[in-house]
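Some structures are shown below for you to check.
The following pair of complexes shares a single chain, chain A, combined with chain B in the former and chain C in the latter.
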Partner chain A sequence: MNHIMKTTGNKFKINNLQSRIISLFLYFLLIGFTLVVLYPILNVFSISLRPGDRLLSTSLKLIPDGASFHAYKVLFAQTPFLLWFWNSSLIAAAVTITGVALASTAGYAFSRFNFYGRKSAMVGLLVTQMFPPTMLLLPMYIMLLKLHLINSYLGVIVIYTSTALPFCVWQMKGYYDTIPFSLEESARIDGSTRWGAFRRIVLPLAAPALVITALFSFMTAWSEYIVAAQVLQDTSLFTLPLGLKQFEASMSTQWGLYAAGSLLVSVPAVALFLILSRWLISGLTLGSVKG
Partner chain B sequence: MKSPSGLVRALDSERFSPNTFAYILMIPAAIVMFGVVVYPFVYNIVLSFSNMSLRHFKDWHLIGMRQYAEVFKGKIFYVVLLKTLVWTFVNIFFHVTIGVSLALILNRRIFGRAAIRTLLILPWAIPQVIVALTWRSMFNYEYGSINLFIAHFLNMAPVEWLGKPLEAFSACIITNVWLGFPFMMTIALGGLQSIPQELYEAADMDGASGWQKFWSVTVPLLKPVMIPAITLGIIWTFNNVNIIWLVSNGGEPSDQTHILVSYVYKAAFNLYRYGYAAALSMVIFAILLTFSLVFLKRTRASETAY
Partner chain C sequence: MAGVRLSGVTKIYDGGVIAAKDVNIEVEDREFVVLVGPSGCGKTTVLRMIAGLEEITNGELYIGDQLMNDVPPKDRDIAMVFQNYALYPHMSVHDNMAFGLKLRNYPKPEIEERVTEAAEILGIRDYLSRKPKALSGGQRQRVALGRAIVRKPKVFLFDEPLSNLDAKMRVQMRAEISKLHKRLDATMIYVTHDQVEAMTMGDRIVVMKDGVVQQIGSPLELYNNPGNKFVAGFIGTPAMNFFEGRVKKEERLYFEGKEAELKIEIPAELEGKLPATAGKDVYLGLRPEHIVPEEESKGKLRSSCNLKVEISEPMGNEVFLYFQSGSNPIVARVTAAINPKPGTELKMYFDTTHAHFFDKDKECAIA
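Right after this comes the complex of A and B.
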């Protein structure tokens, strides 16, 4: 837009008008996209408020006639929703803690030390991203079957951690690379150990990347369906995505439950995501921008 | 420093060379990756040469390349591969064009920028399962809001979204485009913000038009950020079993909406053809590996991946 200011006279007026039209057009585009993004969310909210006898309605009203929180009450009182919520929280917490611990240390090793096999290990991590989901799931599933570990959380936690880890390690490595070596060197001169320099100097500075690693691990575990559907078969062990799918399967009777449940499941994920999205941009791009 | 455990105290010891310290830091991640990635990977290779299925679960044996021959024999593989390529291309095309366009708009100083940006990120923040199931309900023939919109505002006949192959496949693509563009938008926005303002000022001095500035400043400087993201996006989309599986309810109607990964998932877990599924997994992996090597080499971005 700067160049518009520098032109003069008639041309200025034309350009000014032109740029206003463009601005207006861009605004419409933005608002259009925002509506497309918001509509499905509002739609789910609207369905969650529908009274039980009017679940299947062809009305496009956002607040349905006779709106009530009935579905939410049923969800908490008559379904295992809270149990599923607890199961999912447990699994997500375990995956997040493991993911952060493993990625922060491994990423540091990759960033700071030029050890034998470093490059091939980095490439190896990248290659795992190209595995189709079934490539590890199928052997793991058969192993779990043979070990009688179907219906155990351990299997799910381990699979989720390994799914999230490659991305997280690369992410952490990219961020550590931007922290100057001299900081640790001076700490070491002051008598700090290697572990101490890492723990007290580097790790706090890498907080934004740690946050992204935590978020990514959490999201992987919180919203996974495909693996859980094979490994967790007992209803009382279900995670939230499995439970929601069950509601959705009988849409005519449990559509309201599905909608209410989906909103409640999305809220923690969305809240975390939005709070942390400030770091998301820098954390994700820093590694690549520095070239 | 206070050490939380004996192990850490051992780490503090200066007996180790720097590389040994690096190995110690790596060991936990390496054990996990070995146990759940390397070992299953090797096991998968073995399975792909075997006749394992539900009927031959305990008494399986190696049968050579027969499962691979089975994969390439039928017409179905080529049909599904073609669908996978269409799926990946269409999705990434829209992800990138929508994402970059929105990022360019949001990079201007406009009113309400932060709020709109936050709202536009929402599809990325919502768990994919919920996105998929919600869109599935919106594509419902009688009660789904998409058909209600079509009837109400466009006065057209409702579309049988989930009952016909082409429509169901389009429904999956629409869903995936909706949830995928915020990732590209976020990456592009980060890239745009890292372009020094002086470059645009210099271009202004040279009398460059807006269009010229876009092609000679924005595009070249955005490329190193976008290429790794696009590579990753292509791999993720190619391998995205969630959306297809949940929106089309496992390939409905009559297995016409599968992409390769959902087809394998079905072969493995609904039809219990373990050996066949393992072989097909290897083929998918080979396709993605070849693509990535060629693509990254072409764009010379292998050093900046991620």
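Right after this comes the complex of A and C.
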């Protein structure tokens, strides 16, 4: 008996040691990855604090000598940064709202209705994703020209929405497919119209997919440069990526402003992700039907 | 409350698949009617057409006196309990039950009163604040029932509501639904593939096969006087035994089995119904309780056959004995006192006073 207990005790010690070593290794690995991710951000932050628009430095200090928030002050006080921010916000919000509205309804139609051309339309949407955006630039530019939408918010909103939609429709459709039909049928018998069942039952359950759609649409519009550079020519309509590019001249670049602007540009995206991530949960339909 | 009438109702899906063909059913007000049949027989399609979840290709559907073919589900004043519960997972039990009432703009105090009353009846009052995922299968099905009864609809529809529950819970819920019917005194249409549920719950049973109604009648009517071979075989556990053979006439009419070495005298009371079939191929049907061992025949029965027990299934109060005669499987239901081991040869007697005869080609009942 004692012998068995001793053997079991030794085994337990060995297992415990093994799991500690594995944990330690994992922690080192995670810390390593975190540093890889954080280093560029910290570096940009450091540049934004450096005096004299110095991009490169031999110092390893995170807070450089003579650090100040001068670049941030200049950014807000002497550049149209807030205007660009407003333009970007307006365009991204419009693209997000349009994207969510269209993808949620189109995805529902593809998931629930059996109509002529359904499969072809689904494949058609997929095919549009095979072409690089730069290839679509010229035809889209010509279309916008004919529609008199060059140099307007609406022009970029149309392009951003149309490029984000195929992915969003597909992923919404995929998510709706996992929501049992019987929930809507039950709601329709309980007194809902088809639209009411969609709004009260299906949409709340599709929250994770709606969040993905919203984030994808937002990011498509928020960080895009090439299309904006082609469509928006009036500086008062510039978005943040176009505005930041203004700090870059042929002979010199205002790296302090560029770095400060870059950091501030990323804040809304991070904030939106943090706010919406609480909806990115699995198992929303648990308990609704026999699993 | 209201009755339901289906008149010549047909459902043809895209691609020409006929799910229900010329269905004529009249459900009386406050009646409990069970639609029963094997998978794919069209019973759920019929129920879904009543609910308005499937369009009717042909025919007419009335709830009360109103033609309902084109009325949307929400305006039919029906409630449906689904096989998979179909509870709204993002709502609490209370909100699930109150959902239909809120949509119909009932005053809040009345909603509370109805939900509490239904929760009391179903024993789920303690779970009203929980989400469906925190409930067991039986509790979820109770919530689904509660959601239906709070609305006090004209007609209750049940789509195999117990098939996802375990055997014990199924028996319990079966009794509860029957009690609920008596308490609510409501019109109920219940779909199941389980003939035991159909027999124990329904005032009347509608047996379906391949989209066609085979027979409508009370449970005992279907059991004692099946209209065709399918109904005879579907209703009753274990199923009725069938023997293919021919009715012949010597001094008296007798049945001669095609494969099984059977020569069974046809009792005088059936003879009157059979003369036209003499010389014709028929199926003889005998329920398991009408094939009895020597000890139970009490010298009254004359037709017999020596059969070897292949499997013996003791059920506690009775034993099912399985035999094979030629290619004919035979099952007998005997008292628990007789529990022979497999391989034992028994002389089994056929109680032909309870025999059923079916036409071989049309499979309809002859006698």
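Methods note: the second predicted complex is superposed on the first by the 226 of 291 C-alpha atoms of A that agree within 3 Å, B and C clash if a C-alpha of one lies under 4 Å from a C-alpha of the other, contacts with A are read in each partner's own complex, and residues count from 1 in each chain.
Everything below uses one rule, namely that contacts are C-beta pairs under 8 Å (C-beta built on N, C-alpha and C of every residue); 3 or more make two chains touch, one makes a residue touch a chain.
As the structure is a prediction and not an experimental result, all values here were calculated from the model.
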item	value
First (chain B), second (chain C), both or neither touched by A:D190	second
Chain A residues touched by each partner, larger count belonging to chain B or chain C	B
Partner chain(s) touched by A:R199 [first = chain B, second = chain C, both, neither]	first
Touching partner for A:F273 - first (chain B), second (chain C), both, neither	first
Partner chain(s) touched by A:P180 [first = chain B, second = chain C, both, neither]	second
Partner chain in contact with A:V44 - chain B first, chain C second, else both or neither	first
Contact residues common to both interfaces of chain A (with chain B and with chain C)	114, 192-193, 196, 284-285, 287-289
Chain C to chain A touching residues, read off their complex	14, 51-53, 72-74, 76, 78-80, 82-90, 99-100, 103-104, 131-135, 137, 140, 147, 151, 164
Residues of chain A touching chain B in the complex	1-3, 6, 23, 26-27, 29-30, 33-34, 36-41, 43-44, 47, 56-58, 60, 98, 101-103, 105-106, 108-110, 112-116, 121, 125-143, 158-159, 161-162, 165-167, 169-171, 174, 192-196, 198-200, 219, 222-226, 230, 241, 244-245, 248, 251, 255, 258, 262, 265-266, 269-270, 273-274, 277, 280-282, 284-285, 287-289, 291
For the chain B and chain A complex, residues of the former touching the latter	1, 8, 11-14, 16, 18-19, 21-23, 25-26, 28-30, 32-33, 35-37, 39-41, 43-44, 47, 52, 98, 101-102, 105-106, 108, 110, 116, 118-131, 133-138, 140, 142-143, 145, 148-149, 152, 178, 186-187, 189-191, 193-194, 200-201, 204, 208-210, 224-225, 228-229, 232, 235-236, 239, 241-242, 245-246, 260-261, 264-265, 268-269, 274, 277-278, 281-282, 284-285, 288-289, 292, 303-306
Sites on chain A touched by chain C in the complex	114, 180, 182-183, 185-193, 196, 201, 204-205, 283-290
